[in-house]
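In the two complexes below, chain A is the common chain; its partner is chain B in one and chain C in the other.
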Partner chain A sequence: MEILLRQFQTKSFLSICKCLEPAYSHATSWTSGNAMLGKTLFHTSNTVAMPYNPPKGPRKWPIYNKKIFAPQLPGEERRPAYVCHMRTNIKYSPFKMWYVASMIRGMSVDEAIKQLSFVNKQGAVHVKEVLLEAQKLAVEKHNVEFKSNLWVAESFATKGLVMKGIRRHAKGRVGLVHYFHCHYFVRLEEGSPPAHFFFETAPKTTKTLLSEWVDEMRQRRIPGSL
Partner chain B sequence: MNAGIQVRERHTKHWAPAFKKLRRLKVQKVKLPNFREEDTISELTPDQIRSRMKEQGILPPRSWMERPITISATGAVFEPYIPPEGDGKLSSLTLGGAKQSMEFLSKKSKSMLAVRKIRSFEDNFSPSTFAEEAQDIYIKAHKALVEKDYDTLHQCVTELCFPLMTEDLKMCTTRWQFLKSLEPPRVVHARCTDIINKENIFSQVTVRFHTQQTLAVYDRFGRLIYGSEVVAKDVVEYVVFEKHLANSYGLWRIHEKIIPDWMPAREPGRKTYVQQKPVAESEPVADTAVPATPTEQSAAVA
Partner chain C sequence: MAGHLLKCLTDALGKFEYVYLTPLLRRPPTPQWIPLVVQAPEQLLEKDASFDIKSIFDGFLWGVPTCRRSAEKRMMRKYGAPNWHNKLILPRKDIKTCGTCGHNHEAGRLCPNCYSKVKAETSVLQEKMVQELGLDPIDKEIAIVYQGEKTQFDDEFFKGKRVVQMEKPRPKWFSKNLLQRCGPNSDVNNSEHTIIKPHDLG
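Our next item is the complex of A and B:
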């Protein structure tokens, strides 16, 4: 009972069933012709043989995908679905990736993918793949009905592994060579993209313009007065 | 390519090509770890995996490691109950309905043999008392499922049933209510079988429930995806309970549900999805030119 319990707690059912025919594990064979063991619920392969490699890199971003919200009341506005996805340790500089990541902020997913297909940067290839993966995840696992009904709510890149090498310069001088990696994070939200994602570029309404002008006028002081 | 004629493939040339090797040695090559390895690992042959493991200095798994295994549940329902067509549709006050409810377990010889076998392990087992116990287990299991109390759920449900019940609801919130039992629960079928040894006996008993329940399932974001909290539904179910008789700590647990073909389909889900097309046979797809201008047919449709 315990072994079966443990298997279900650590692995998914499908992975357990699939484990019956893995590449190089050794399942003991049940020779009985009992039909009840046809749909077996356990596997006997070795799970301890491979050395343990602890997970490296960022791990908190996908945890946002596990948050379960309370059921909404009938009158409440429908909460938009979102999916957080990332790709870690891309062999690309985070400083260069910034350009690609910031380009697609606030775009709809389709528009972002279209634009990325024609951006002349290696990072764009990775970002496009991540977007497509995220879109697929959203539809399959996060109850998003239409894959085009998504927009890029958050898109950013951070520094990953940096390996340092050396190079020689003239007159015996030495230089450091940085081999940068970056992590790319994206959050897709359900719905149509907002009209103005960046507050600064949104056109100001006449009301705001007027109130700002009035504030500027009221801030005026006579220099040197009492 | 004509032989003998020298063709220039490159259109650029370094101004001091004699020092190419030294220039290359300026930068010390650093072996970067391959983070995209997992994407390609499934396409490797066992020989390739073996060579990679040798490179990394990983020993292969030992083949004679033994681990004890406990089989606490069977993998399927053996000799499943075939519910009579149209069961539950006729009221028991009509003649047809009365005939349906007159289906006695005592007239089924195989089931009675199984009941006798169960009595050899469990002295005070009787189909009438068991039916009520079964309903209690059913309610307990569903309450545990709603509260995501997996410890209690494992006590009420077998290892076959557990993933079927929990997998899809992991990211969902469920609200379930058992309103009342419209007909008293009834044992309709019983079978016993042995796994591996003749003494290792499992018994499966099918119980028929006719109950009124409400079910509402909300997705991860709290949006209703199935059912309703207010609308009650009449449910006719044939639930298979299993017990590992040879195990002195065995419990009666829900194992499977028998859904006959004539049962009306469930309420459809609240969202549409793209139907997966069956994988087409290897026929070459002809690249036909898509007409740029709209045809008469498409214009008529629009």
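Our next item is the complex of A and C:
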């Protein structure tokens, strides 16, 4: 007991907070039974009628919302507020969702919602809904003053459930059918969007153009020379 | 009996050879005891000498890729080409904001929000018309009068028209003056037509 208390004293406030976080971690890690944190080693309800269903799908993304940052120094630039939101197991292919997710990167939330309303894809409906939810969360829970003062900092889709089915082909042959699901993740940050989100699409300054031209000129060699 | 057994075995062997060895050897198997009297011409020998390894795919291994997809092909499939078939979804520049309701709509098209209101009102009018006029032949014009408007029109207006009285007030966006021509061929100086001021439009 004394050793444990000493550990608590030496550890930082943040690590203590992490220890006391609710069970986002996989439940099997607690089966070893840690009586200190109030977990029991025996079941108190029917395990056959109500079997344990382990949590499925991604769970780490919303944990970023709970992250507690160290207090900022007096001269430091104010860290912008952000909100991470996701929607799991959307009945849509991740390969198709990529196009929708990549379109809105770096846009302001209002512009993104406006554009998504006119994208002729099923995934766009889901992405728009997620954006509106995230916008609402940002204002209500993440200390964002104006709901329009947000921009899409991160937007991506990953593979979800894949159900496999069979289809017929001619001459008694069989084909596999994959029913894809995807997870969609978005992070909205407070502030105005950057002028150029993608470095490659940004127009080059005269200085960079000049330096690149000079490099190209200097790379020239006479073929066959020593 | 032994001879018969031997014959069966040899037949079976021959069948086995014919079924399984013919596709690999590309010729029917010849019995060993027949001497090759006719020598194959040189041209044929030269042809047989060059064996294309890819011929194993002709009817043996189907539905598998034969070449690796190059990076260019993969990129073209995923991203397309900018000025040709662009697979990336580009943000649209022809989205306008409706001045009346503030919703967004495509340029050159009606605002869906405003149009839905018009559509709803039209369906209400149509229901009322069906209710009042029923299945009578359409031989006269129909005059739609909203709540509190009957006094604004004189009897001459209703001459030769069938009146449909609505119990609700006129919507703000529904102009009273919709029959006056206002195009380039309109005759504004004509005494029959009167210039209606904006506040009279409804």
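The criterion applied here is as follows: the second predicted complex is superposed on the first by the 174 of 226 C-alpha atoms of A that agree within 3 Å, B and C clash if a C-alpha of one lies under 4 Å from a C-alpha of the other, contacts with A are read in each partner's own complex, and residues count from 1 in each chain.
Just so it is clear, a residue touches a chain if its C-beta (ideal position, glycine included) is under 8 Å from a C-beta of that chain, and two chains touch if they have at least 3 such contacts.
All figures in this text were calculated on a predicted structure; none of them were measured in a lab.
Q: With both complexes superposed on chain A, which partner does A:His142 reach: first (chain B), second (chain C), both or neither?
A: The first partner, chain B, only.
Q: Touch test for A:Asn89: chain B only (first), chain C only (second), both, or neither?
A: After superposing on A, A:Asn89 lies in contact with chain B but is clear of chain C.
Q: A:Pro71 contacts which: chain B (first), chain C (second), both, neither?
A: first
Q: Check whether chain B or chain C contacts more residues of chain A in the superposed model.
A: B
Q: Is A:Ala81 touching the first partner chain B, the second partner chain C, both, or neither of them?
A: first
Q: Is A:Phe180 touching anything from chain B or chain C once the two structures are fitted on A? First, second, both or neither.
A: neither
Q: A:Met103 in the overlay: touching chain B, chain C, both, or neither? Say first, second, both or neither.
A: second
Q: Now for A:Ile166: first (chain B), second (chain C), both, or neither, which partner does it touch?
A: A:Ile166 contacts chain B only, not chain C.
Q: Looking at A:Phe197 after the superposition, I want to know if it touches chain B, chain C, both of them or none. Which is it: first, second, both, neither?
A: neither
Q: Which residues would you name on chain A as touching chain B in one complex and chain C in the other?
A: Correct list for chain A: none, the interfaces share no residue.
Q: State the interface residues of chain A toward chain C in the complex, per the touch definition above.
A: My answer: residues 99-100, 102-103, 107, 111, 114-115, 117-119, 121.
Q: Which part of chain A faces chain B closely enough to touch in the complex?
A: For chain A paired with chain B, touching residues are 1-5, 8, 12-13, 23-26, 30, 32, 34-42, 44, 46, 48-51, 66-72, 78-81, 88-91, 139, 141-143, 145, 161, 163-168, 177, 179, 181.
Q: Which part of chain C faces chain A closely enough to touch in the complex?
A: Residues 87-92, 95, 104, 106.
Q: Where on chain B does chain A make contact in their complex?
A: Those in contact with chain A are residues 26-30, 32-33, 35, 46, 49-50, 58-63, 65, 67-76, 78, 154, 159-160, 162-163, 167, 171-173, 175, 193, 195-196, 202, 216, 218-225, 271-273.
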